[in-house]
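One structure coming up, written as structure tokens, with questions to follow.
The first chain written gets the first letter, and so on, giving A, B, C and D; residue counts start at 1 in each chain.
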Amino acid sequence: MDMNRVLAEVADEVAGHIGEGRVANYIPALASVDPRQFGIAVALPDGTSYGVGDWLTPFSMQSISKLFTLSLALASDNSVWSRVGREPSGSAFNSLVQLEYENGLPRNPFINAGALVVTDHLAGHVGDAADAVLQFLRTESGNAVIEFDQAVVESEASHSQRNLALAHFLASYGNLHGDPHNIVDQYIRHCAIAISCRDLALAGLFLACHGALRDGSQGPSARQTKRINAVMLTCGTYDAAGEFAYRVGLPGKSGVGGGILAICPGRCSIAVWGPGLDERGNSVAGVAALDAFTTKTGWSVF
Amino acid sequence: MDMNRVLAEVADEVAGHIGEGRVANYIPALASVDPRQFGIAVALPDGTSYGVGDWLTPFSMQSISKLFTLSLALASDNSVWSRVGREPSGSAFNSLVQLEYENGLPRNPFINAGALVVTDHLAGHVGDAADAVLQFLRTESGNAVIEFDQAVVESEASHSQRNLALAHFLASYGNLHGDPHNIVDQYIRHCAIAISCRDLALAGLFLACHGALRDGSQGPSARQTKRINAVMLTCGTYDAAGEFAYRVGLPGKSGVGGGILAICPGRCSIAVWGPGLDERGNSVAGVAALDAFTTKTGWSVF
Amino acid sequence: MDMNRVLAEVADEVAGHIGEGRVANYIPALASVDPRQFGIAVALPDGTSYGVGDWLTPFSMQSISKLFTLSLALASDNSVWSRVGREPSGSAFNSLVQLEYENGLPRNPFINAGALVVTDHLAGHVGDAADAVLQFLRTESGNAVIEFDQAVVESEASHSQRNLALAHFLASYGNLHGDPHNIVDQYIRHCAIAISCRDLALAGLFLACHGALRDGSQGPSARQTKRINAVMLTCGTYDAAGEFAYRVGLPGKSGVGGGILAICPGRCSIAVWGPGLDERGNSVAGVAALDAFTTKTGWSVF
Amino acid sequence: MDMNRVLAEVADEVAGHIGEGRVANYIPALASVDPRQFGIAVALPDGTSYGVGDWLTPFSMQSISKLFTLSLALASDNSVWSRVGREPSGSAFNSLVQLEYENGLPRNPFINAGALVVTDHLAGHVGDAADAVLQFLRTESGNAVIEFDQAVVESEASHSQRNLALAHFLASYGNLHGDPHNIVDQYIRHCAIAISCRDLALAGLFLACHGALRDGSQGPSARQTKRINAVMLTCGTYDAAGEFAYRVGLPGKSGVGGGILAICPGRCSIAVWGPGLDERGNSVAGVAALDAFTTKTGWSVF
């Protein structure tokens, strides 16, 4: 398969959707992003990468970082699963309601409450979860200049009341061990990492390769990698997992920065970026691009 | 009516219930209270007070203080009603669920979320809501040595994650203006005031007297006082307001310290105390005493 | 007190509110009622009645009938309280949610689920609950021509899917013993009784008289009557019980036909009617009239 | 791949789990099933089938039939998607709560409310949805004697209050067009079809073959088939979709009769049966067998 040609065709098909949707506007640092950008990158198991459009432009990872905190937590051991569930939430992604009914055990690692617990768990192992994610992304992508976007960090920090509420609420159930303000700070920082499609595809490649890292060492085990992919498929795109599973047919994790990382098990990882979001918080152009990609390649899992 | 005799008879009838129920045990400072205490005091509009049993022993006010923050907030103006509702909550007294469905507007001033908003509102007027409540209680009771119970303050402060969650959550809706930690601190302190039945009955007497204070000045207006009494009747005893309305037939506000302040409009205020709580958090002996009191006097509002 | 003069003054004050609000429009038979009608009647313990405006015009009782099924059920014995609670619901009056969380036990007799259970319970004693209510109203008012409004019965019957859902749902918990369709039919019929303010005030007078009926016999006991009044105050006006308690300060039960029956314990019963409803389903002119009445008479319980 | 050998090995591995779990006991007709039975069958795109154990013994389809009503509804057109969602529910499979919050639009076709809507929709096209499913199963399996289990039909019919509540509730939102009792009757009947693993695997083979039916005609389109598989993966196993996706890694639909139909897109369909259920309602031995199957074959989609 000529991947350069596939990506060029995908970009052609998606062209009409670029600029559609609404850029996330709950913080100024995201609201000011130019909506007319689009990039897609593919990384293959041999470590090669391909891309078109703005595939080298860094964007804000946002919730996609939750995938990496989870992977790093699981690279140590399975114990995080005693603190967070693995089932779809079926409600708004930051709802407190379900958390209350389920006594402080978040339904999955990708809703905000679950991501805070995973961050807290990882922090217990490595000290600073955000630094650990940053280091992992640099190592796997081979790009040592990936950085936190300080403007996003500060913007988020001034809009963090709801996450602070979640953190204190989790602490009231004994399911947050660190200081709530410190854990929210780490959470904000790892979500504020700026990364390009190219680097993101390379950093997520281990999920298409049974957990094997760039240097040949093992990250999460093959079985844990399978589980991460399963959780991505059922929970990775907010309240649109069913729709995404149908249109794209791949495990994927999206962020309100407009990025999506999708995994084609055994074949490749794919990173797309387009800042305009649909009403459920997923990139309009990104979903369209992944739809076109799996249609062209026949690489849907269904 | 010979009030001394009425109270003696009430004490006789209640004797069998003293020690029943469970003392609040979520914090050590409350769990260590001797359950076999009981007191009742009545204050009449002329300022005289009557009592039997342990009516001069200070106990922890807990939620009863919410009645005084509300009264003080309303003594300034009506604006607190734009930040908190006046309807029964119909669910556990510290649930986050309803708050989420109703976009950060607590249903009434007596659920924890509502009490935090009222504390915040009062703090906006007077600086420190706990100090204001303490001063009010001293003035109205004529007892200048009423104090915060520091052991309770410290005990509560180490179990405040859920209230901190509520405070941050309210802040995320823009319905908490002060620093969440500072407001929770004030809230904990006014709940930790230790007061006797005698002093509590005197301090609440204005609610039976159309808002008139001890020195003849007006606290909340007559119309506001009527409203406070109405809110007490419909929301003052956690999830047992209907049961309390039936058995006692008076507006009342209870606390998990085992105290209850009840108002007989135009006639008297009544403070009872017995540390043993029923499953809904109201004093077993206290409710029984108020039931006996209204049966004997015929002073139920129904 | 010159009751004719009081009522005339009340009518004067309310005149500006007549026609305000929206007539219930979920069924055609109610939507066609002329909104510019208003009546008020008072019945005293001696059996005399007073009224002004359209106080002799029959209107649709709707939920006010729930008060009479409850009273008739309690006139037999207390057993209905094992099937329905006595606490405010704090949510929309026909919500299924709470019912599910509380395993089929409705929170109080005035939400639709609770009223269906009470109807079922009464039917178990008397055969047809609607006929029993009709007979009671005729006897107590002395008006033998009170009747079901067949147009309302038919209109409701064609909009009964939600009540049928509730009835089957209650049956799934074993808390509905009769055939769901038959019980909903009885429920619809007793809600569809047409009655005037005069007759309604007379029929409800026993609630102001410790349960004593027109012929001197005892209906519900004095203690049960006190409980009914307490439930009316905390649950009688949908999601506005706190507001009603404040403005009117009396136990009251409203219906979407625009009627309200209020009880002034020991003094009188009051029936008002104005078809225009506020957003919570209570008569705008009716609440205003009761507010004016208690202000003039000083007969609020607070 | 020697499918007979694979299945024999799977059966060996699962042997220890046979009899584990609890047989569904909410109706007598299911409670009396011998828990120590187990069967597995695989159907390949060429129409051949393989099996071991009790693979020719009919069992009660229960919720697996929902997959066939959905497929038949989609074979006509896409319009059913305007009446039912495609997202995981994240709560108990027959909850009314979510339905209320989402105004009568069930979250997906596999929760009871959604299945009733799909049954109603299919009935609108074909008259009797249960007969249509039965006919489809007979045709695709080539077994003309597949039948309704009348004992199960009667047993379910006497425990149908909750489904009747759901049906009336849906009707109150205008999302059930047929008579609620008739639709529930059809629903009960198609769930009560008795079918063997062999016949079930053959009947579901079209889902592994892009919608192609036994006679070469097209059932649902290739795109609709992809969607059905996606919905199976995210919603097909009650509140264990995430867990099932991880352990098995295939789209699957389970029933409380102990059966599961799983699809390996492009490769095969697999039917397993073991009456003992785990606490979420899925067959213990069945899930274990599918886990072993995908481990041996490497046919997980992740």
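Note that in this section a residue touches a chain if its C-beta (ideal position, glycine included) is under 8 Å from a C-beta of that chain, and two chains touch if they have at least 3 such contacts.
Bear in mind the structure is a predicted one, so any value in this text is a computation, not a measurement.
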item: Other chains in touch with both chain A and chain B; value: none
item: Angle of rotation relating chain C to chain D [CA atoms, steps of 5 degrees]; value: 180
item: Whole-Å separation of chain centres (CA-atom averages), chain C against chain D; value: 48
item: Distance from chain C to chain A - Cα centre to Cα centre, in angstrom; value: 56
item: Gap in Å, rounded to a whole number, between the CA centres of chain C and chain B; value: 32
item: Residue ranges of chain B touching chain C (in the complex, touch as defined); value: 85-91, 98, 107-108, 226-227, 229-231, 233-235, 239-243, 245-246, 249, 251, 265, 300-302
item: Complex contacts: residues of chain C adjacent to chain D; value: 95-97, 100, 161-162, 164-169, 171-172, 180
